[in-house]
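Sharing a structure below in structure tokens format, with a few things to ask.
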Amino acid sequence: MDKYISILKIGFQQELAYKLQFIIGRLRNIIQILVFFFLWSSIFQTQDSVFGYTISSIGAYTFLLIIIRSIVMSTKVNDVSGFVSSGELSNYLLKPINFFKYIIIKDIPVKLLNIGFSAVELTLLFIILKPNIYIQSDATQLLFFILSIIIASFIFFCILMLSNSFPFWVPEAGWGAQFLIVAIFVEFLSGAFFPIDVFPTTIQNFLKLTPFPYIVFIPIKTYLGNMTIYNNLQNMAIGLIWCFILFLLLKKIWWKGLKVYEGVGR
Amino acid sequence: MDKAIIVDHLSKDFFVSEGKKSISDAIINLFKKENKKRVKALKEISFTIQSGEIVGFIGPNGAGKTTTMKILSGLLYPNSGFVSVLDYDPFLKSKEFLKEISVVFGQKNQLWWDLPVINSFEFNKAIYEINDKDYEKSLNELVSLLGVSELLNTQVRKLSLGQRMKMELIASLLHRPKVLFLDEPTLGLDLTAQQNLRDFIYEYNKKYNATILLTSHNMNDLVDLCRRVIIIDGGQIIFDGPFDEIVKKYATEKNIKITLSEEVKISEIEEITKVKKYNYPNLTLSVPRSTVAYVAAELLQKLSITDLNIEETPIEDIIRTIFKGEK
Amino acid sequence: MINYYLKIWLLMAKNSIYAWMSKKETVAIFLFGKMVRYIFYFGFLYFLVSKSNGILGFSANQALFFTATYTLVDTLGQFFFRSVYTFRQFVVTGDFDLVLTRPINALFRSVAGGPDPIDLITIPPIIAVVVYIGSLLNPTLIGVVYYLILVINALMISLSVHIFILGTGIITLTVDQLVIIFRDFSSMGRFPIDIYKEPLKSVLTFVVPVGIMFTIPAKAILGLVSPIGVLSSVVFGIALFILSLKYWQFALKKYTSASS
């Protein structure tokens, strides 16, 4: 449909118009991942395995981190809190298109660009570091992997949108809430900063009941493939339940938010 | 359908947090829940607008004009009362509803800042599902009317304020909305552009039988376009009727403009009537309607006058008086 | 003169505090967020290092001390030099003209103009943590002295970088991106930069002076830095500072006042 194509077009054009922002975004990503990789490498200089990870499995984890972050976590949805506090949201509310649909579709070009760049970065890293990369060949596992990525993106989207809804009630706390929830909780508990299984089992099990690990850690683990079918199904089930809960919550909060929305700038 | 806009006993409250004056207030504020003050922005207002009407909405700042427009366009949620625009409940924001309306607010830009203007227009074309023919027609019409055809490929960022406003207007009208909400549409435009815009709005209204609700502080807008005027103040409607009735109802005085041939002391004039402005040889007097003929006659007798004109109080003054609460 | 600037700084600080107090939810959220982040960083690192053989031969406490030092310098830097984040606004809107025409040094105003009160709350605990972990390392007196000198040096380097960025901001208007890049590179200083392989390590030593800012002071307390090392670091810091001031003067000459 023309509508959706024009949103994709605008999304692309916007990303290209802000090239510097984009490059810096990639740079930040790379730096974070380099820190991750080198920290673990330095540990492996004096021993072979820590918490069940070896240098090659950490290498695999790193690579997957790059890919998964670019698919799941590259987004422009973090602009929404700014729209709400400044009143710019009004422009979107007046257009004959569902706002959620709009921002999800507008994110597609962002994700595609980021995936493209991460592919380049991965190739370079591959050439420089030459790690052992485990290529998943089991079709069922790959299917689970794809499903886990979809679940991950959706959960991340819902959590991000919920954080971006704070300005409806607290206009000044706009990006504060985002900072707390996304930059800190999601970053740390999703497996993006360190693999969740460095925690003791009880904490791990507790975390697996929250939506966070499903954003990064579960997809990575699913790809690496050393889980039983039962585990996979269990993960997908919990992931889907969270998708459902978060989406309902989001719809409700957003509806309430619109009722209190004043449309005035700060 | 006859009635394009129906508003019945509409109320809207806002909750405003009080500013803190001193540091100690601010510290206390840190520890207890804030008391927000309830401000009644709209107090059970009611009015109806028929299809094809152009209605002027006037009121001092903070009176509730913009709030009303935002409720009618679905942005704000009414606290109580009934609102219907083209038979839709605006707040539900159905696509069909949104395709029929357009809002042009002063400071808001809907155009993509870093992209050429035409990209934003094409985006709207797709979003509003305008077909190619209608799009070409509307675009050419609007662009030539506002004189911006060479600027279509310029980035919005690089346009001047006036040019940007014209582009915003075009973007808002491409889909030929049936109901237009215009908030200060001529603000920032030069005089020729203002007149062009007024002519355009008039033509648009005639051609498409569009319903137009317009707020403006520019009297020319109101005089030229609005046969009907709603005056709102403090969240209440204090006048709703034909434009000329304002004069009849509120203008209790007329102005007498005199050119003197001989200078005279102010005190002498003031024996006859109130002096509004005296700058020899020009003299302006304010006289109650009922006595204007009598006063004029007296003046002609007592003063050396070359020229005398009796005028209505300018609309601006009338409206200013209304807002001040005088009658 | 010092009194003048001190008084002004206190006034600006008070204004910032006052502005922040009216947004108490924001204060609370950020404070909580920062606390959680520090706990996560330290907790994870402690976990990791104590369950393994350490990082490159550094013990758990030593590794934590590197992170603590980074946190200290980074937070102090953010506290003192916070105004750079609003600098772009100034230049774009032309408000910078007002800054330039006031009898207060424009550089001072642009850099130190708005300390973040949240950091006022977070800095004392950070200092406490640094002192505590430091004490667990049984440092020598000279080690501590070196550490203090090098931390101040690190702040001077941080200031210089900020001045470079501001100067570039006057000319090109890209302030925020540069600050972000700088902070991101700095974040690599959370761990001793020896963990990074070449050429990254050299970049972090010579291009963005992360090594000198974070790794060297921490190493000094462990007795790993020679007096020559301390001296050359300080010389570098001072040289950078002087260069940055010259650059600022140069940038001012290039300033084209923005119109609306």
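By letter and in written order, the chains are A, B and C; residue numbering begins at 1 in each of them.
Simple rule for what comes next: a residue touches a chain if its C-beta (ideal position, glycine included) is under 8 Å from a C-beta of that chain, and two chains touch if they have at least 3 such contacts.
Since this is a predicted model, take the numbers as computed values, not measurements.
Of all the chains shown, the one with its CA centroid nearest the global CA centroid is A. Greatest centre-to-centre distance from chain A is found for B, with centres as Cα means. Our note on geometry: chain A versus chain B, Cα centroid distance of 46 Å, whole angstroms. The distance from the centre of chain A to the centre of chain C, each centre being the mean of the chain's C-alpha atoms, comes to 29 Å.
Each chain gets one centre point, the mean of its Cα atoms, and the points for chain B and chain C are 52 Å apart. The touching residues of chain C, when paired with chain A in their complex, are 23, 25-26, 29-30, 32-33, 36-37, 40, 44, 47-49, 51-57, 174, 177, 180-181, 184-185, 187-188, 190-191, 194-197, 200.
Considering their complex, residues 2-3, 5-7, 9-10, 13-14, 17-18, 87-88, 90-91, 93-97, 258-263, 265 of chain A touch chain B. By the touch criterion given at the top, residues 14, 70, 73-77, 91, 93, 95-99, 101-103, 105, 107-110, 112, 114-115, 119, 122-123, 125-129 of chain B touch chain A in their complex. Within the complex formed with chain C, the residues of chain A that make contact are 20-21, 24, 27-28, 31, 34-35, 38-39, 41-43, 45-47, 50-51, 170, 172-173, 176-177, 179-180, 183-185, 188, 193-194, 198.
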